[in-house]
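The same chain A turns up in both complexes below, where it pairs with chain B and then with chain C.
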Partner chain A sequence: MSKIWTRMGDGSAVEMTPDELRADIIAASEDAADKGRVPPLEDNEVEKLIEIFSAPWRVIGVEPGHEVPLTKDETACTLVSSQLSSGAHLPISREAAVEIFERVFCFDTMELGWIDYSFKPAKAMVSLDQVSIERLLATTVFPVLYGAMPNMGLYYTPDGPFTNPADLLGMMKIDEARQEEMKAAELCMEDMIYMCKRFDEIGADGIDFDTTASAGDADFWATLKTVEELKKTTDLGIEVGMSGEFILGMHGEIEYNGKKLAGMFPHQQLKVVEEAGADIFGPVVNTKTNKSAAWNVARAVTFVKEVCKQATIPIHANVGMGVGGTPMFETPPVDALSRASVAMVEIAKVDGL
Partner chain B sequence: MGDPFGMSLTHAIASGMGGIRTAGDLVARMQLNYRMRLPEAKKYVAEKLHVSTFDLSDSTVMRNLREELDIGCVEAIPGLAKGLAAKARIADLLDIKIAAVEKLKGKLPV
Partner chain C sequence: MAHEDLIKEAQESVLSQDKAKAIDVANRALAAGMSPQEIMNEGFIVGIRQLGDKFDEGEVFLPELMLSAEAMEAAMEICNAALPEGESQSRGTVVIGTVEGDVHDIGKAIVVSYMRASGFEVHDLGRDCPTDKFVDTAKEVNANVVGASALLTATLRKQREIVEALKEAGIRDQVKFVVGGAVCTQGWADEIGADAYAKDAGDGIRKIEALLGL
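For the complex of A and B:
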């Protein structure tokens, strides 16, 4: 068989022999199995991935009948905002952007978020975003969510009121660093609960917590406690999308329901997200730019397959720039992305993307 | 992240259900607000619509059915339910509560 034209994790083109492709897929699956202590891909799943990556077509799709619903973070911003959101900066409103996603791009759901897409900066604009969502609820048919990132790092100096733990750790002030993290987590949680309840008041269908745990285990804890409170007191549907495959132990000792959050891999993250009461979980597996697209997809699918196997709630895997086997490049090649998309559906058996 | 063509549109073509062009919005609603996994959500919606789960992603089947049920179509058709009116009909059809519809009911004169 001739060489297979495919991609690297940075989006650049590469040619591989069938043997090299197979070796990459097996090595990546074993890497995920080793790191996450999850089962590697079965032989038939390896063969399916080889079939997906050997297909000569530029764009591929799932088998008819296997289609899945799509949710998406920050999507209105991709039309309205600038490069910071991979945005096209169209001179239209965010509301128009969401309607385009409903009736032109035919997405299954959509969210609206503030241009500066974190809860802390969005808080000052909440009444504006409430009205925007209210308008969209009147003019659209599909489920409309509000989306934002917990982004707890914004609560540290110089952006926020608490001393940056990274500065304290450098001085070996470990207890002080942990105290500052918990103070930041409490305030982050307070802001998120305040914001989300405003969207429940106006009848939003749900909230998307995007890029959860980007500041580590305390960030994750703040989100879980927020979800817990919202499920007790509101009718909001809740999606928790992650920031990485591994929870960074910036604090190191925080637990949720007796489970230490630091070091959790996707299938372990799922369990605490379920316990908190979330309705949809979005696992992330990071892309390695110096490995092939096949390697990255095989590794991502190995992790996410185990998540789907253990889940009691829908799983919408994150498959965008730099995650879920997608190349880390601002204009992801459609050949690579369509293969990652199909592999997640056909092999990992996700409930959505 | 990623530009809309490379990311969002590619997923929509490769794997997406098709939103209100098909029955993607209905299945997504059962996932988001009722925690249903994909097979359960598709089965629930298909039974309510009296079609097969395969039909739910078929734009030919669903385009005509959505018009017949008056639950919102992807094109702007004069006289058919749009926006919140379509959602009210969806809530009734799927036998679920939709928060925005409940809010509307609260605003209507008794």
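For the complex of A and C:
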């Protein structure tokens, strides 16, 4: 029986028989269906995935007319960050890097952000970034967003003023841990609102909240409340990109509009993000490195398909290093990345990537 | 009260994170003539495994896991006290930390809670932990397992350093070395000679139990 050349979730090459490929895809879809309580992929969708992974070409694409717009997180760090941050460390300005994304890579939108890509450290640079955004709005055609991560973990010791709840939980100080989380959430929210309003002043087209909920349910709550405030008081377009398929219950009891945030899967995260008023939602499904790329893509597409089905706002699935079915590898292999992207468009029916 | 009822109560005390109930059940079970091993293995440990399943399914979260660990530890203290000298029921001693240069610790905190809840003696070295500290602590507490978490590609190499340091200290064969973290993979674990790769807390516990023959 002929074998199909493909990848594992860690990027390593592997060969699989058609039967193994099919079994992986079905098992992954059932795993997502079971965990997220969403429908598994239908037979024709399984066949489409098999077709995608059986294609002999390195790079594949969508059918003509099915092209989707791209948004991007992590700003232009791909070009200007050091290798340790998965960048090319080119000696160019961030503004030039953003212009390259428009004129050379043909991106549909782009974001500017600080190299230390979280709201807390970037706050010190907000006036500098205002100038850069203003300059880019004059020299580019595409929408220019400002991007940063809420990264609420930076508000805990040793980086911030509040006691680390992980330490307090270890001492069985549950109530104290929860109090510190809420204090950190309030301050994080204050900083994010302050910064985003500065970019609204300068005319930025929007804000991208990247890796939302990385510090758990309180991080997610802070972002949702920030979005709510910004939609009431600014004209900013808002994209909320997640950090994981599952909201970690560090607090465990935080609610938003009566819904407990801990334990939410992508289709549930979508609903509260819509309620907060965001304009685009970027679901994340995390890659399992010891499973095949086909397994990971099937699982990711099963989750995201349900998100797209229930969405009233555009869905831009996160597809990149370690998410959206893409291998966990600093420079994701183009064969795996193109397959994950095509699957998201053709099967999950995303509005963008 | 029948032993089966006490076993069920023990399971429920952990599932409901009720420390007072766990203590009460442990005492009543011993008074009813049950062996400490029986009430621990059939009752409390089964309960913590069921809680672990609920945690994996997203039905309970970290605070509940911690409270269950507290209930479990209280029950274990009573049961261990009833065992003959030298037959303590700690399931193993684990030294765990986030490697040097890395300050991510949420995942490690979950693993620590889960391991304590599962009856392991855990020495949490915290975050940004120098390689020497892993080795020195492992020797000091006579560890069965050393666990290292890394969440950055830049800090992943510290896990290899720890393996080498364990060899240099002459204790590599005495401990099981387990690695984890978002950027860690089975392939990396194989490359550096780790005994196991844990993809999440539940997987880590299962692999540690298998490595220790539990």
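Points worth noting:
The rule is short, and it goes like this: the second predicted complex is superposed on the first by the 349 of 353 C-alpha atoms of A that agree within 3 Å, B and C clash if a C-alpha of one lies under 4 Å from a C-alpha of the other, contacts with A are read in each partner's own complex, and residues count from 1 in each chain.
The rule we apply is simple: contacts are C-beta pairs under 8 Å (C-beta built on N, C-alpha and C of every residue); 3 or more make two chains touch, one makes a residue touch a chain.
Quantities reported herein were computed from a predicted structural model and do not represent experimental measurements.
Partners chain B and chain C, once the complexes are superposed on chain A, both fit on it without clashing. In the superposition on chain A, contact is made by A:Met250 with chain C only, not with chain B. Shared-chain residue A:Gly153: touches chain C; no touch with chain B. When the two structures are aligned on the shared chain, A:Leu169 is found in touch with chain C, with no touch to chain B.
Applying the stated contact rule after C-alpha superposition, one finds that A:Glu330 touches each of chain B and chain C. In the superposed model, A:Gly282 lies in contact with neither chain B nor chain C. Applying the stated contact rule after C-alpha superposition, one finds that A:Gly241 touches neither chain B nor chain C.
Look at A:Gly263: by the touch rule set out above, it reaches chain C but stays clear of chain B. Of the two partner chains, both chain B and chain C are touched by A:Gly322. The partner that reaches more residues of chain A, of the two candidates chain B and chain C, is B. Contacts of A:Asp10 after superposition: chain C is touched, whereas chain B is not reached.
Per the superposed model, the minimal spacing between any CA atom of chain B and any CA atom of chain C is 12 Å.
Taken together, the two complexes place residues 86, 322, 330 of chain A in contact with chain B and also with chain C.
Within the complex, the chain A residues that touch chain B are 59-62, 64-72, 74-75, 78-79, 85-86, 88, 101-103, 105-109, 137-143, 145, 200, 202-206, 235-237, 239, 279-280, 311-314, 319-322, 326, 329-334, 337-338, 341-342, 344-345, 350-353.
Considering their complex, residues 8-10, 12, 35, 84, 86, 153, 158-159, 164, 166, 169-170, 172, 174, 177-178, 215-217, 246, 248-253, 262-263, 265, 288-290, 322, 328, 330 of chain A touch chain C. Taken together, the chain C residues at the contact with chain A in this complex read 57-64, 66-67, 70, 103-106, 108-109, 112-113, 124, 153-154, 182-188, 197, 199.
Listed in rising order, the residues of chain B touching chain A in the complex are 1-22, 24-25, 27-29, 31-38, 41, 53-54, 57-58, 71-72, 74-76, 82-84, 86-87, 90, 97-103.
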